Amino acid sequence: MTDVQSYYGRPVLKEPTWMWEIPTYLFTGGVAGASSVVSLSAKLFGNEELSRRTLYIGAAADVVNPMLLISDLGRPERFHHMLRVFKVTSPMNIGAWVLFVNGGASTTAAALELLGILKPVKLLAELVSFLFGPPLATYTGVLVADTAIPVWHEARQELPWLFGASATASAGAAACIFCPPASAGPARRLAVGGVVAEGLLMHAMHLRLGETGEVYRRGAAGAFSTAAKVMASSGALMLARRGRRSRGAAVLGGALVCAGELCLRFAVHHAGKQSARDPKYVVKPQRERATRDGTRATTRPHESAASASPGT
Amino acid sequence: MKLRRLIASWPVVHQLKNGDRLALGPAVKSQRSHTLKPRIHDADHVVQSICPYCAVGCGQLVYVRDGEVTHIEGDPASPISRGRLCPKGQASKSYVQSPLREYKVKYRRPYGTRWEELDLETAMDMIADRVIETRAATWQAETEGGNPANRTLAIGNLGGATLDNEENYLIKKLMTALGVVQVENQARI
Amino acid sequence: MSTLLGQEPTGVPDGHEAYGDEQQPRVGFFTDTSVCIGCKACEVACKEWNLIPQDGQAWTGHSYDNTGELSANTWRHVAFIEQEKPLRTNDDGTTALRWLMESDVCKHCTHAACLDVCPTGALFRTEFGTVVVQEDICNGCGYCVPACPFGVLDKRDIPSTANVGHQPDLLPIFGKKEDGRVWKCTLCYDRLKGGHEPACAQACPTKSIQFGPLDELHARADERLAKLEAEGWNGAQLYLRDPEDGIGGAGAFFLLLDEPEVYGLPPDPVVTTKHLGSMWRNMARAAAVLTVAIVGACARD
Amino acid sequence: MPGLGTSFGRGGATTFQQDLQNSDCIVIMGSNMAENHPVGFQWVMEARERGAEVIHVDPRFTRTSAMATKWVGIRAGSDIAFLGGIANYLLQNDLYFEEYVKHYTNAPVIIREEFTDTEELDGLFSGWDPEQGTYDVRQWMYEGMEVHGSGGDPEAGFKATKGEQSGHGGHGGGLRYGEPPSEDPDLKHPRCVFQILKRHFQRYTPELVAETCGCSADDFVAVCEALVRNSGRERTSAFCYAVGWTQHTVGVQLIRACTIVQQLLGNIGRPGGGILALRGHASIQGSTDIPTLYNILPGYLSMPHTEAYGDFETFMKANRSPTGWWGHYDAYWVSLMKAYFGEHATDENDWLFKKLPRIDDDNSMYWTLEQMLAGNVKGYLIAGENPAVGNANGKANRLALAKLDWLVVRDLVEIESASFWYDSPEIESGELKTDQIGTEVFFMPASAHTEKDGSFTNTQRLLQWHWQATEPPQDCRSDLWFYFHLGRRIKQKLADSKDDRDDLITALRWEYPTHTQIREPSAEAVLAEISGWEVESGRFLPAYKELKPDGSTACGCWIYCGVYADGVNQAARKKPHWEQDYVAAEWAWAWPANRRLIYNRASADPDGKPWSERKQYVWWNGEKWTGLDVPDFEETKEPGYVPPDDAEAEAAIAGDHPFIMQADGRSWLYVPQGLEDGPLPTHYEPHESPFDNPLYGQRANPARQQHKNAGWDPYNPVDGEPGSELYPHVFTTYRLTEHHTAGGMTRSVPYLAELQPAMFCEVSPELAEEAGLEHGGWATIYTARSAIEARVLVTERMKPLVVQGRKTHQIGLPYHWGTRLLTQGDSANDLVHAALDPNVHIMETKAATCGIRPGRRPRGAALTEFVAELRDQAHSRREMSPRAESEESRKTAPS
């Protein structure tokens, strides 16, 4: 896009400083969130096997989650500052609270399950984690969208859904790996359904992003999103076709879907970095909007009188 | 008790109590932010100085604490600079405290391949001797033409444009008395 | 974040009013590039005062700009743009050549995304209406970095220097060598508290950087713009002066002589949290659907 | 600078920075004020905001040009053609300020018949001696004026006063009662200065200016018109210059050209007018007033020459001007000797005159350099200067240091001049070997300005005191400490010497109170001595008027007399500007006599009335002179005062003659004595130039100093000589805002090093195209002296110029870099030759020729070979057909 002016081609925005931990957390967080829902629902409909396994899976993920987040901090010893405030304007702060509650609940429940004591408390914990699971699985979409990175911000409508679907798929797939096929029916349905839904949402997102979305076809983001598509769909296919009969297929399919979902999160992560790197993704849409709707960011001489408006 | 204080200091409590519901302002102010003040307020004394770089002659305020310069900024009282400084003048503190600044006499003996340490007093004494010896050895009482010369052409002194008037005065006074005529500074170059 | 409570953006800085009688008049910078001589005194004054570490010695070849951008270690950045355009439209055109210089800085937005998204309250709105990172609170989560529409904030990746209060790592396993915190212009919060103007504004030889109560600066800027128009200056325009713009106007606004993007500034920035309300609602829907889907999937056994 | 001195009487800026805000037009030429004096530039911006026109005339489009209302690009070294063109424009079109010119300048004065102008002699003035390569300046005298000793009478054994010392009107010759013997008030006489001037510049037409400078005739005329528009009774224009004018083989004459323009426009001594010399170092003005220079003593008194003076009386007679304030030369001299030697200097022993050291015609920096290379200089002390990087022909300077027996370097950091013996480029090239260098080196860490009391004299003659803030750390000491204790030790060691040569040492007054355990001498005590006192009573003197020739007063620098009046450190006055008017007379102290805008009598018309309401400054109120400033005139001398026939000294200055340091009280359009290379500025090409002189057969300044046949200073072939095509481009060197001079004070500062972290060259896109240079890549620039490498900055701000119908490229080179400190790079001064201005022996860093090619320079011995190869190639081509012009037939042995 040569028609875009810039300052020596330098980026207007700063690249996210997040490292590998964050996209990994986007995945594990999703697994944790969705699993806690699966766990209680399965119990509700009498699938104790699935319920117990997914409870453990969710708890395991919830143990990993804070470690990932803390290790990404510039000053890890200050991780607890996250709970210094309660800020509805900060998806990360809200996320921290959600993770705190959900993690606490699911791990408590898992522990009590393991020891087989305090049934009522465990049930309460499971309920809490059931309630906080869905937000945990989807808030990360808002977290990423609530930035100035064009490829993220412009996808704010789709991202929570996309991440939700991905979470569902990965939770289901994970369950397929650890659960005997007989009792893993719902998990297979979730895995396959999640992957399908996610495919549709991806398409919708690209339609909305247009030129801004081209980063998903370039560089690291491109590689990861292709990998994501291939692995997730092939895994889903395998689960759908042979998941019920062969344990091996279930494990492999589940693993493939999980890997695919992990790649999806890395694709989004890198798309963000690449989108920040090139000024055209910032300048062009803004310039177009400015010329279309007229901008108030700049005040031309003839407007100067008018712009001396109240509120200053 | 301690716990109560801890809870009281919890910003979330301030959020709910003091009207900063979104926790964007006073509620989240840290202890440091509350007690923060400019370090020049801790200075033992402030000195009015003049920038050492170009000849515009900007006024400087030098803030000192515990015998160390803690900050240098423009002197608003100066009718020339009105408190403003260029990047060089602004960096005067970093100049005075440069990581490369030398604090010790360094001595290189003839044909030596490295610097050696030398005590300041000894160095001064050696330099005095060099001047006296060179002067004695190369003294020119008269020119070939038999006109008075009263000088040595074997010693020179360079520099002055970056020095104080008082320093230049002593240099010229001493060199004239010594018969050293090759006294020059940047004004020439 | 007033928009979250369903209000439209206004010129009133979020969080400022919460100070009650502690509240001071909102102050800021008016940076008038038509008198900037590109001396970089502001860059050095800022570093000297705030004890900011050196930022590396890379020669860029981008005119006289070897600083490049605002960063954790550069809170004032002078941009240099060489153009084959006359400075004044009424020039005889003999020298169709101009050298634009602009000292960039944190905008101290009225609606500041960095402030909104900071999960720890390290970023806060001061009693002066400015936006400051509290170095004793910031835990380096880095969320404000991509949130800023101007690319101002950044993480300091170099070892912590003596002058910045660096605590020993409480968690050795996660311990890091780097400073790891996010840094940006504080509009010299400590100097303001002591009744001094910010270091850069005091240093500026030509008063291209003007500090003061924001409404005074607005009046001055409008006057200035009118004067430049009368003198036929090429492309003169105010940037982020209008409280109706995407960030509700800035505490640090500019008089530019060309389009913002020429200086590396976004032409029409919008506070990233503007749509946060709808985003939350959207997320709630997604969460609900997810729940239903999962329950449904389990029910079919 | 004698450029200002010979024209007006004092070698300092005629105005002060704050007064620029009153200008209606400011021409900045030979200066990049916005970059090198940014804070002073605020006053230019003030003026611009008030509607003043700001014009920048410069080879490069700089940060100053960016702020100017008009920029005119010219060829480096063509400034005299430009300024002469302005003078011609004013004279031909009768646009000069007639009343001012008639009364205040020497325009009406008639010059003796022998004088012949460059117009007749094809670029030479009368009196040229091709053998000596000097002028007999007597032929330039006022008609009927007896030649005065220091005016240059070889028979009497005197050299013409010149250099810094001539900066004082050249003592005006033997004028009776201040009036020249013959003059024509109507300016009609063919030999009157006005007519001579008119003829001298008649061919400097806009077309010629355009052809010589490479600018358009329209741009040039636009500048003339702007100046005319903004001069006269109601309006004033100012000029600002810096070393862009001084560092030429015609440096002094360049400034002279400006003084002529400002005199014709009537802009001297008036608010918003004047000529502001922008000095580059904190106290460079001070180091000339109180000189660390070979040829003068404090207050611009002459150092005695080796020529036979006979006794003290003859010397005095030779130096004392009968008229003007130099009529008290003996008082200034004797007071200085009393300050130097106290009771030892007596009337009986002629104030020790016979004992004083004598100088030769030239003992300047570059002469010393030559002596060092020849091994004749044994010891050298360097204080706060970095010749290894800052001097022209850096290689020669470094090789010279290696010839010394002992060297003392005083600085805050280890600069290149201290480290040459192990890390200079010559070590790299093998020309020097560490273990073969016999120089004993003492590096003495120096105190910073915050660690000592003292005064700087800034660019506007203002003495400003800086107080000590902290104690100097460890071995760091002030230069005051160093020289005081060095002197003390030497005095001690020679205390009982009977040797004649030690008489002055024994006689030397060297008692200053010291404080703290390091025994730092009191700077204020030294300042007090500079200011002076009455010997008997010890009363501090209020002004130089009170100095006596009878030994009853002591004063270390007569022009600074009064800076310690009433025992108060006047330089330390710090009354805030908001408590006084813009002249700020109570902030510090300016010489002379705290006058801020000198020659300010000229701000009023001959009758003493302000030229206009708008431009009033100092005026006659019926009883005395009064106004915003200290009148630069006897307070009660009436405008109508006519000196009686027997009048001497200041009494001989008429009431309508504002230039009281001049023997005739007028500013000098034409300088009859005091300059080596002509009474009027003439356009000469730079010593090295790709062009011929379009005006005269004489190509370059005939009187310039060259080191002919000197292996250490080879020159590029010039226009017309084969071989010149190897060095086809013009280069000019300069400073950047982010660094200071040779870098010793800035390359050591991290915050500055990062702002300009590499040596670079500025070239036009056209040159880049032609030479195959790549933006951001490397280039090698070479002359007959050396070759350096630099990063390439291709920029539209550099424009190729069409000169004499030929396209020429200019290359810009900042000169801050050296082999050491935080940011390192090649030194531009390694390329510069050491041909000098004849008056002040300053080198031509601002215009010379060079070649450029892409890529980095050869390393090690290959570098010397590379340079020598090109040089020999060029010179061998020249040998085949040397330039016809005799003065150019120099041979240069490859070093």
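By letter and in written order, the chains are A, B, C and D; residue numbering begins at 1 in each of them.
To be clear about the criterion, a contact is a pair of C-beta atoms (placed from the backbone, for glycine too) under 8 Å apart; a residue touches a chain by one contact, two chains touch by 3 or more.
Note that this is a predicted model, so its numbers are computed, not measured.
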Of C-D and B-D, whichever chain pair has more C-beta contact pairs: B-D
Mean-CA-position distance for chain D and chain C (Å): 47
Centroid spacing, where centroids are CA-atom means, of chain B and chain D in whole angstrom: 27
Interchain centroid distance [CA atoms averaged], chain A/chain D, Å: 72
CA centroid of chain B to CA centroid of chain C, Å: 34
Per-residue overlap in chain D, given as positions that touch at least 2 other chains: 38-39, 42, 737-738, 750-752, 755, 822
Shared interface positions of chain C, touching two or more other chains: 1, 4, 39-41, 43-44, 48, 116, 121-122, 137, 205, 207
Residues of chain B touching at least two other chains: 11, 22-24, 27-28, 72, 76, 84-87, 89, 91, 94
Touch-based graph of the chains, sorted into line, ring, star, complete or other: other
Footprint of chain D on chain C - complex, ascending: 35, 37-41, 43-44, 47-48, 54-59, 61, 63-64, 66-67, 82, 84, 87, 92, 94-95, 97-99, 101, 205-207
Parts of chain B lying in touch with chain C, wherever the complex brings them together: 11, 18-20, 22-33, 36-41, 71-74, 76, 83-87, 89-91, 93-94
Chain C-touching residues of chain D, taken from the complex the two chains share: 34-35, 38-39, 41-42, 45, 49, 61, 63-67, 70-71, 73, 216, 218-219, 222, 736-738, 750-758, 760, 775-776, 791-793, 795-797, 822-823
Parts of chain C lying in touch with chain B, wherever the complex brings them together: 1, 4, 14-16, 18-20, 22, 39-41, 43-45, 48-49, 115-116, 121-122, 124-127, 132, 134-137, 165, 188-191, 193-194, 196, 199, 202-205, 207
Contact set on chain A toward chain C in their complex: 4-8, 10-18, 34, 37-38, 41-42, 44-47, 50, 70-79, 81-82, 84-85, 87-93, 96, 133-135, 137-139, 141-143, 145-149, 152-153, 156-157, 160-161, 164-165, 167-168, 172, 185-186, 189-190, 193, 272, 276, 279, 282-283, 286-287, 289-290, 295-302, 304-305, 307-312
